[in-house]
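Take a look at the structures below.
Look at the two complexes coming up: subunit A is in both, with subunit B in one and subunit C in the other.
Showing the complex of A and B:
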């Protein structure tokens, strides 16, 4: 009893310590924030009387006291751009991308852990609860090794900046000085919380202590998310600077510097993107372990793990295109040139590649779900309709990837009679593409619904009505999406942009309403057979690996697009890039570089997985009793 | 059900005969016209009809005891789709796009035939039979593949490596990003915020809604709205300026951009690429009026770096027209095509 009370006191203390760690950077930063807002004005005014120099914020258009130096006008030479005998930009690209991959992974996995641990705590089935708990533990174990690598890569990134772009880094750190140390302290808080969370797992696995443990994961994720928001503010500032005047001089308001035009859309997009990416990587890990498994038990465990990771990843993938759409809308609103360069001009072809990757993600997801229906007895009734889903998906995908400006030889151009094809050129504009992607997502929702009811027969009295209603709902959704896509050609552009709202609303209604209705209908449903975990085709696991690779490739691509849209600016319209590399790479070079980054990440993450497996081998055989792999037939729940 | 499937089978056979005719040049591709304005959805509907037809055909063949093996169903559908793109669609689709569609359809066929274990076994059975070579015929086929596959790959490689005298492919940026502002006849215009001074109502006030209500019907025919004829002398404001813009257009622009503004003017095919087609939903319909104002004023010579390889012979019209004339021409182009300029509100 005394021991238990002691544990409770200890865990509450640990939780309080985490909260303090979370608050520490903010408390430390309060004076600097205050200085940022008021102090310069007051102090400067007192000292220099009317000599105070004022500047006008380039974005907020407010006046402020100039407290920073202007953005340096760099010249190509060893002072501003020291270099090795190699393109500095490519080195920085590599260091940045690897840090981002690992950063995304270690920020996403704790969120998964939180969700899965919560599911384990609230579920009434004790065996299932234990399985969820073990799964969450497996997840965090993978991320722990990756965490050290993230910190190492962060260090490499900073050294790369300092060594190759000293003038730029000096300017940026000058602007963000008030929050630079907050970032560092947040990292300390994140590390401390993560280690307590991980090492406290076994000691806090039941009752009240479990809730304390769960609360720690919430704090861990708050810290992680704030960290990411801060990092996002730098790239937001580089793309859409605010809080400085036309010369790039800091005007004393750090909130303006952080809260730029693109900060919030970037934050949302990155949270969703990280989650989808994290899910993909864990699913690929599970797929790899599944394929390498020698026993039925292991196959069952990793099949289940892959499914959960995929489902969580896809749950965040579905809203991702909408968040991306918001980001692009804000980019257009911020600078029309930037928007046109991205989607209609220089970088438009990269967006076609992006559309291709998004399509691959959804196609892989659907394929995995269809394969997963193979391990359920009773799901055969849906198999014969899959070909129609394939057709709908393929049509949506083809519309989604059709380029407006096609790659063609001059002879083909002459034969076509113009730059745009009169039939297919119509697919190249946003109205059709919105229709395409919404059709794809709605079909994915339909696949999920079929999967969820695969081995069940509803026993509610209104089952027939419910099924008809669901069928009509989906049919109307498809009709509405396609109708709005066609109608978009006949209305003004600003109204057309607005049409995406009802299209998205239709897709999301399918998602939420159909899922909810299906859950109600399947409550207490008759089971036609159990889910035979582990009895899934190898093809499904390759689909998971494909999913993860496509995520990784797409992240690399989008990062490149976002960065290169600044063209020859370090900080858009404020600090010019005068290095010899202030040009946009060819599509081919960019694709090769992204592929190299993806390959490097996967080789290193395999190393991380291997390290994780070394740790697992050390676990004594007795302590393995009761872990999910030991349960031959996992619970039938989805 | 059987009647429906029979109807489907009939559609399938008719469709296949039609496509076969197009492939062998017996039936012109234009036999069933692709209707302008509705063409994209027509193509999808046609392919959907074929899918329904093939479903019916497969069902009927199965009922008659002549089921088509899954392997040939998959391969057959893929080949059909490639032929459809090549011979049915006109004008010809560039190879790059056909390659993209061909890959997507190949993936789709794979997803279909391997969606369930039973289907996958059926599909790969003929392949496994050839690889196992248990019968004489299969053994012969295996040897044939052993010889033919390297020859085929070698042929492709040779073809790819062989020097060609074709003009290189250009990845042209059709709509390069405009500058933040442009100076025309000594006055600076901010592209994000400037407005067409002639988009006004009869009282002379800037009125986007009024002009939007008076443009031609977009789509087939491009009919004028009732009581909105710019050539009616009584009309003032927007419609009057549309008329003036039209006069300028037909004096200066239509030689290249065409009477219907579709880029097929008298001189159009002397240029490569041909002039912009304003009736395409991807040109002026996507852009702000100020973008067109900038492009008309500065012409091909004023394209930014991003517009590489600057493949445009459009003259810098600021050297020939006044600012007012340029704005009026822009107004006319939107009126005639029935498109609304992009706005950001």
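Showing the complex of A and C:
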């Protein structure tokens, strides 16, 4: 009893320490705000009796006292752009991308841990609860090694900035000076919390202590998310600066600098993207372990792990295109020219590649789900309909990736009769593309619904009506999406642009209503047979690896597009990039560079996985003992 | 409830609910943006 009380006190102390760590940056920041350190120039000017210089915020249009130096006017030379015998931008690109990959991974995995640990705590089935707990532990174990690598890559990134872009880095760190130390302290808080969370796992595995442990994961994720928001504010400032005047002089309001026009869309997009990416990487890890497994039990465990990771990843992948729409909409609202450069100008072809990758992600997900139906008895009834889903997906995909215009030789141009193909050219516009992607997502939702009811027969009295209603609702949703896509061709652009909102709402209606209805219908449903975890084709695991690789590639691509849209600006319209590399690379070069980054990431993450396997903690014997036939219990629940 | 399990009734009721819902979604969400969903039909 005394030991338990001691543990409780220790746990509460640990939790309090973490909360203190979380609040530490704010507390440290308070004195500087209180004594007005943010406005030294203004104060100095007042003391000297000089006239206070005021500037107008380039975005918020408010007046403020100038407290910072103007953005430096750089010149190409060793002072502003020292270099090795290599393109500095490529070196920075590499360091940045690797740091982002690992940063995304270590921010996403603790969120998964939190969800899975919570599922373990609330699950009444003890064997299943242990499995969830072990899974969450496996997840955090993977992220621990990756976390060290993230910190090392962050250091490399800062040194790359300092060495190759000193003038720019000096300006940016000057602007964000009031929050730079907060970022660093948050990082310390994140590390401390992560280590206590990981090493306290076994000591806090039951009862009240487990809840304390779970609370630590919540704090860990709050710190991680705040860290990401701060990092996002830097790129938001570079794309859509605020809080400075037209010369780039800081006007004393740090919130304006952080809260730029694109900050919130970037935050949302990155959270969802990180989660989908993290899910993909863990699913690929599970797939690799599945393929390398020698026993039925291991195969069953890693099959289940891959499914959970994939399901979590896809849950965040589905709303990701909508977050992307919001980001693009805000980009257009901020600077129309920037939006045109992205979607209809210099970078438009990269969006075609992006569409291809998004399509691959959804096709891989659907393929995995169809393959996964093979491990449950009763799901055969859906097999004969899969070909129709393939047809729908293929149509949606082909429309989605059709370019607006093609790069052609004069002879090809003449043969086709113009820049646009007389038939296919119609599919190169947003109206058709919105229809295409919404059809793809709705089909993915349908595949999920089929998977969830694969081995079940509803026993509710209104089952027949429920099934018919679901079928008709999906059919009407498809009709509405396609109707809106076609309707867009017949109305003016200013009205057409609004059609994407009901299209998205239609897809989301299918997602939420049909998932909810299906769950109600399947409550207490008759089981035709258990899900036989581990009895899935090897092809499905390659689909998971494909999913993760495609996501990594797409992240690299989107990062490049987002960064390139600034063209020849370090900070858009404020600080010009005068280095010899202030031009946009060719699509081929960018694709090679992205592929190199992807390859490097996957080689190093394999190393991380290998390191993690060195200290592998075996699944507790008692948790396996309760599993009939070595097949894990979550079989009945997805 | 048993009447709803009649396929014909179920199809009709489902169609009414689904079509009504999507028409409402289209009209309301366009209206919310200050746009006219029925633009083509009115002109």
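Rule of thumb we're sticking to: the second predicted complex is superposed on the first by the 600 of 638 C-alpha atoms of A that agree within 3 Å, B and C clash if a C-alpha of one lies under 4 Å from a C-alpha of the other, contacts with A are read in each partner's own complex, and residues count from 1 in each chain.
Here, contacts are C-beta pairs under 8 Å (C-beta built on N, C-alpha and C of every residue); 3 or more make two chains touch, one makes a residue touch a chain.
Predicted, not measured: the structure shown is a model, and the values here were computed from it.
A.B. asks: Could you tell me if A:524 is touching subunit B, subunit C, both of them or neither one (first, second, both, neither)?
C.D. replies: neither
A.B. asks: So in the superposed three-chain picture, is A:78 touching just subunit B, just subunit C, both, or none of them (first/second/both/neither)?
C.D. replies: Neither: A:78 stays clear of subunit B and subunit C.
A.B. asks: Is A:402 touching the first partner subunit B, the second partner subunit C, both, or neither of them?
C.D. replies: first
A.B. asks: Between subunit B (first) and subunit C (second), which does A:539 come into contact with in this model arrangement: first, second, both, or neither?
C.D. replies: first
A.B. asks: Applying the document's definition of touch, where does A:476 land relative to subunit B and subunit C: first, second, both, or neither?
C.D. replies: second
A.B. asks: With both complexes superposed on chain A, which partner does A:484 reach: first (subunit B), second (subunit C), both or neither?
C.D. replies: Touch partner of A:484: subunit C, not subunit B.
A.B. asks: Is subunit A touched at more residues by subunit B or by subunit C?
C.D. replies: B
A.B. asks: Residue by residue on subunit A, keep only those touching subunit B in one complex and subunit C in the other, then list them.
C.D. replies: After superposing on chain A, subunit A residues 490-492, 494 contact both subunit B and subunit C.
A.B. asks: Residue numbers of subunit A touching subunit C in their complex, please.
C.D. replies: 461-465, 468-469, 471-473, 475-477, 480, 484, 487, 490-492, 494-495, 498-499, 501-502, 505-506, 509
A.B. asks: With touch defined as at the start, can you tell me which subunit B residues reach subunit A in the complex?
C.D. replies: Residues 34, 36, 39-41, 43-44, 47-48, 51, 89, 91-97, 100-101, 104-105, 107-108, 111-112, 114-120, 166-180, 191-192, 212, 218-219, 263-264, 269, 272-274, 276-277, 280-283, 285-286, 288, 291, 306, 340-345 of subunit B touch subunit A in their complex.
A.B. asks: Provide the residue numbers of subunit C that touch subunit A in the complex, in ascending order.
C.D. replies: Those residues of subunit C that touch subunit A are 1-2, 4-5, 7, 10-11, 13-15, 17-19, 21-22, 25-26, 29-30, 32-33, 35-37, 39-40.
A.B. asks: Would you tell me which residues of subunit A are touching subunit B in their complex?
C.D. replies: Checking each residue of subunit A against subunit B gives 332-333, 335-338, 340-341, 344-346, 348-349, 359, 363, 366-367, 370-371, 373-374, 380, 383, 386-387, 390-391, 393-395, 397-399, 401-429, 431-432, 482, 486, 489-494, 537, 539, 587.
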